[in-house]
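Both of the next two complexes hold chain A, though its partner changes from chain B to chain C.
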Partner chain A sequence: MKRRPAGSQPALRRRGKGIGLTADARAAYLLILPFFTFFLIFVLYPLLTNFTTSLTNENLATRTFIGLANYRRLLTDRSFVRSVVNTFVYAIFSVGPLMLFGFVAALLVDGSGRVQSAGRAVMIFPHVLSMVSVSMIWLYLFDPGSGLLNKLLASFGLPGSDWLFDEKLALPCLILVNVWKSSGYVMMIDLAALQSVPPSLHEAARVDGAGYLSRVFHITLPAIRPVSYFLLATLSIECFKTFEQVRIMTNGGPVDATTTITHQIYMRAFADFKMGYASAMSVVLFLIVLTITIVNLRAGGQLESDRHEAGT
Partner chain B sequence: MKKRLSLLLILGLLLPVLLTTSCQTAEQTSDKTVALKFVRIGNDAAEATYWKRLIGDFNQANPGIKVEYDDAAIGEPMETKLNSMFSAGLGPDIIGHGILSVAARVEAGHYQPITTYFNSWEGKDDLMAAVLANGTYKNEIYGLAYSTTPFIFAWRKDLFSDAGLDPEKAPQNWEELESFSRQLTKKDAAGQITQSGFAFPRSAGNFVEFDTLVFGNGGLYYNDQGEPTLNTPDKVETLEFLAGFVNDVGIPFNSNETNPFIAGTAAMTLINNVALTPMLKNEAYAGKVGIALPPANKTPATFSGCNMLFVGGDCKQPDEAFQFIAYALTKEEVLTRAKELGIPVTRQSQVDAFIALDPMNAVRAECVAKGVGMPRATWSTTFQKIRNDLVQQVLYGKMNAADALAQAQADLEAEIAAP
Partner chain C sequence: MKQLAKISGSLLLLVFLLAAIFPFLVMLSVSLQDMNQIYTPGLSLIPRPPRPEVYRIALSHGNWPRYLANSFYVAGMATAISLIINAMTGYAFARIRFPLRRLLFVLILAGMMIPAQVTLVPLFILIRHFPLAGGNNLLGQGGTGLVDTYTGLILPYIAGSFGVFMCRQFYVLFPKELDEAAKIDGCSRFRAFWLIYLPLSKPVLGALAVLKFTGAWNEYTWPLVMTNTGADRITTVQLALTAFRNEGEIFWNQLMAATLVSTAVILVVFLSMQRAFVQGLLVGSVKE
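Up next, the complex of A and B:
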């Protein structure tokens, strides 16, 4: 087998007048071609088209360039402003409990006993259901007239509630459904991370007299930090994209109490035909998600480099 | 090896596309018959079965034409389907859709005018004038009605008797509606409503229950120039009337979900005629349900939706498309729909035969005759959302009726003026 001379280009090689590619490089490019073709056609092109559409009044009948008018209008659109607030509230109050419950559940089911196996199955069950099915189930549970929750409260002599029809309770109800459904996913990822922590670290700490909680805080949590950042980023993105349960359970109501950015995009695009305006909303959502992702990655990367510098 | 694998992978990815394209080409060239795609609003099984039977009969009677059936649920699913099809340049040839769609889709070029065809149609003088108006826009006819969906007032006679009310007499006006509602409402020890006196939705995809009361108070949503008129005294009065009692007598529900009246936990409601049909056919409720024109404050009126058949903007064979529309609107088919689906007739000559089918049909026919539909304007869909919001603002006590209506009017005008 021939060895390349030191310092030579691995993939590019001068062939006659032009720059050619080695057979290996051509094969490599061909292998990544399907992904990049898919990326260009189904991700980058729609992204750019969406941005150009956001600068027009596209409504399926006309399409005229109107500059930043759609973006200016967003600032005074009460429903959109409310949807941004709702989406942030939904994300903050979903991600926090999800991270906490998922981690605690992972600690509880981390083991090979029957109870732990059963616990893992029970926890993961809601996650494998589609959000549409979950929403339909909870819709019946929350029904003020014939729902199980009010019947349960009544059996204890407690007054019922209007749940999804109560302006103050509707969004917390949706958050509860999300936490119930997604905790199993967080548990599964955390469990995989927990099992990758070297047992020797725990044994050494135990020998040094560290208690259970002390080991969780000083060994487990720092060891699974990269996974926690991954979860933080992916859960945040998912929360900002939330749509199904809003559409099915409340359709944004009552009085916009549960409308989210994605719900507003859907309503503007498909109920009002205002594609240009909906595209402007999409661009705003894209920028929010992009910012959150960058902040997450930066924070995660910074902590990792701090860790390396500290030698931990 | 890698190169071959890569080529295989690319071919594998392209194969479905190539196969689909070749199949489509084969279908277009080998089939000489005229294929027409029909998309109908609504995905209920009973009506779908009816249309599939009708299409089968039509295809058999017209060997050169093949109509293909498709449908979509009411609301966004239908709009999404149509928008996707038209965006791809593959809009349906025949479309069954409602009043709300007329102006926006005519302006978007999604419907073709059929005035010329209509003028030579045998049933042109027989179609009810109010129904014909629903499909007319800017002096051109675009849609012909195949179904009307009036909102009717329904009450439980047995619960009326239990409450000491005359079981055969529905409330005649708003005062009676409120007083009957309060009399019929039952609560448990914790104060929770267990029997709703009057089921009125707290949220809705399209709050036409509110429109029914607005029309019954002499109100309309647009003036002679077609401009929106939300902020008028009749609507202030309607909202104040509603806000004054519905929360005290009703279990909250969304109009897209099961009405408590259908679930058996309400004594009175305003409901779509077709939605009430299963309850009327249920033996358990035999003789216990009455229907009437909704109680009004000033003008006897109700909301009446209307579904029509349109020739799609992308249709290349409008002659054949109208041939199908005419087939679906023959006297025989109009009466068959009334028998099988309980849909009020749209042809004047069939009214007597329709009433003879069922004593309740007289009420249904009256509701169609006194029915008012959604505004036929390009702002209809926006109006729907703003009207829904304003009703909720008042029912939830966020704003008073006058302020909510003033804001709604301003919002709608701003939406219309928006670029």
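Up next, the complex of A and C:
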């Protein structure tokens, strides 16, 4: 946070013609102008109008100010309340397994061998694909009639299941697909962190007679702690945004069992054209994401000061 | 004991790899089966007989050459424009001191944290009421604005601020002497950017290009609300895939064939630029 006193760079302080800006500053503003034009119009402005629209009954034809009526309605909207619960369940039960499987995968493919580098490519690939393709593949696997899972169960003499059509199983199925798709991402991030540990540390521990598991607990886990905060926040936010999978695999059903906040936003806005009401939902989503971000920044800052106190 | 640990590690790796790859094998297998085999109970992963013509039938479902061209055009344009404006902006933030720089950069960081889903509805209203487009008047009334146009599809993709952050982090590592030397040679900031920085930007722009292209190619939500259903004009691949599901009976073989074609493009990009891709993923996770 160092701030130079004005005029500390006399060489750069050539006066522009009358505008009162240096030549450098003018160049900088011209360079950032194209991006900021798009950014202002298509990111910041919509964020602002989201709040104002949430106070109206906008439906693309009319628009009247109705105060906080939309927010009051949210509290008694059963589908919306269900969607908030579902989204929290989806996020909580996705993030844990994702962090675990990603970490174990990172340990398994850590190394310079051929198998390890091929393993990395294979495991990251599901993350690279579109959620649409992934949903389509799993839609087939889960299909009660001709899907592979039920055929597999039948070949062991076990009864099949209705999977996505089962009110109790549908949400866990979506969570499974999410974990399958994104574990490779967690693996990549963890891998980068644990490869930044100097090999001499492992060497020294080995000389001292520390076994593999003991080295994982005392060297590797502390090494990935900082990125774990990052992952926790990123993954939670990703989960709170989940829409494509829900829209394609279940469309929120059966009977709201898998509807999420973003799915409700989509349905109210683009099936019912209740844009004002959907905007109020968006504001709620925004506040949740904002909270996660702030908590994460705080926790990250806490971590940093811990490290300073430890004197490292 | 050591031997045992090694073997159990290898076994675990094998389980992970199988879990990752098995669904793809199923996709490939089903895409070559005929519907009779798919409806037959009992596990049979080998297509008997293999039906390569499923691909031809699947791709003549609707207008697939058009969908592929649309996706290439939209993802390509979004990537090209993003690369230029993000590099320019990132360079300015990394190398030039100017008033309000800190505040504007905080805005960019904040922009990275705004989920697209939050602005979906207001963005749609904005695009629909865009002044003087699609039959709209100056106040944005009367027509459909930029809905159902390539422009409406592409614009939000190039407004994301992640690429600016990425470029800024890259350019900030260049030595100070570079700017001083350029200055002594009478090189303006624009020339320095164009002649010195841009030619050295291959690593960051490669990573950003892969991220932007796959992101735009894979996008589903925005095309879904932007596209007038029924008209194929701007329908992208991801949207076209969902058409197989919207009919009464799902022809799994055709759906898997089309899915495989749409993922093949990403597979090629991924395999040819794997390093760049992984670098892009890591930006932001490691604090400098």
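The definition used in the following text is that the second predicted complex is superposed on the first by the 285 of 312 C-alpha atoms of A that agree within 3 Å, B and C clash if a C-alpha of one lies under 4 Å from a C-alpha of the other, contacts with A are read in each partner's own complex, and residues count from 1 in each chain.
As a convention for this text, contacts are C-beta pairs under 8 Å (C-beta built on N, C-alpha and C of every residue); 3 or more make two chains touch, one makes a residue touch a chain.
Predicted model only: the values in this text are computed from it and were never measured.
In the three-chain model built by superposing on chain A, chain B clashes with chain C.
In the superposition on chain A, A:144 makes contact with chain B only, not with chain C.
In the superposition on chain A, A:184 makes contact with chain C only, while chain B stays out of contact range. Of the two partner chains, chain C is the only one touched by A:25; chain B is not.
Of the two partner chains placed by superposition, chain B and chain C are both touched by A:270.
Of the two partner chains placed by the overlay, neither chain B nor chain C lies in contact with A:95.
Of the two partner chains, chain B is the only one touched by A:254; chain C is not.
By the document's definition of touching, both partners, chain B and chain C, reach A:154. In the superposed three-chain model, the partner touching more residues of chain A is C, compared with the other of chain B and chain C. In the superposition on chain A, A:174 makes contact with neither chain B nor chain C. In the superposition on chain A, contact is made by A:193 with chain C only, not with chain B.
Aligning on the C-alpha atoms of chain A brings chain B into conflict with chain C at a single listed stretch, 80-88, out of 26-34, 80-88, 152-160 or 386-394.
Touched by chain B in one complex and by chain C in the other are residues 23-24, 27-28, 30-31, 34, 60, 139, 145-146, 154, 266, 270 of chain A.
Partner chain A is touched in their complex by these residues of chain C: 5, 9, 12-13, 16-17, 19-21, 23-24, 26-27, 30, 38-39, 41-43, 84-86, 88-89, 91-93, 96-99, 101, 104, 107-108, 111, 113-126, 128, 155-156, 158-161, 164, 183, 188-190, 193, 214, 217-221, 224-225, 238, 241-242, 244-245, 250, 252, 255-256, 259, 262-263, 266-267, 270-271, 274, 277-278, 281-282, 284-287.
Against chain B, the residues of chain A that register as touching in their complex are 23-24, 26-28, 30-31, 33-34, 37, 57, 59-61, 64, 66, 69, 73, 79, 139, 144-146, 150, 154, 157-160, 162, 165, 167, 250-251, 253-256, 266-267, 270-273, 277. Contact residues of chain B toward chain A in the complex are 2-3, 5-7, 9-10, 13, 75-76, 79-80, 83, 86-87, 104, 107-109, 188-193, 196, 202-203, 205, 251-254, 256-257, 260, 263, 265, 381-382, 384-385, 389, 392-393, 396, 398, 418-419.
Here chain A touches chain C in the complex through residues 4, 9, 11-12, 21-25, 27-32, 34-36, 38-39, 41-47, 49-50, 53, 58, 60, 101, 104-105, 108-109, 115, 119, 121-126, 128-133, 136-141, 143, 145-146, 148, 151-152, 154-155, 180, 184-185, 188-189, 192-193, 196, 212, 226-227, 230-231, 234, 237, 240-241, 243-244, 247-248, 262, 265-266, 269-270, 275, 278-279, 282, 285-286, 289-290, 293, going by the rule given at the top.
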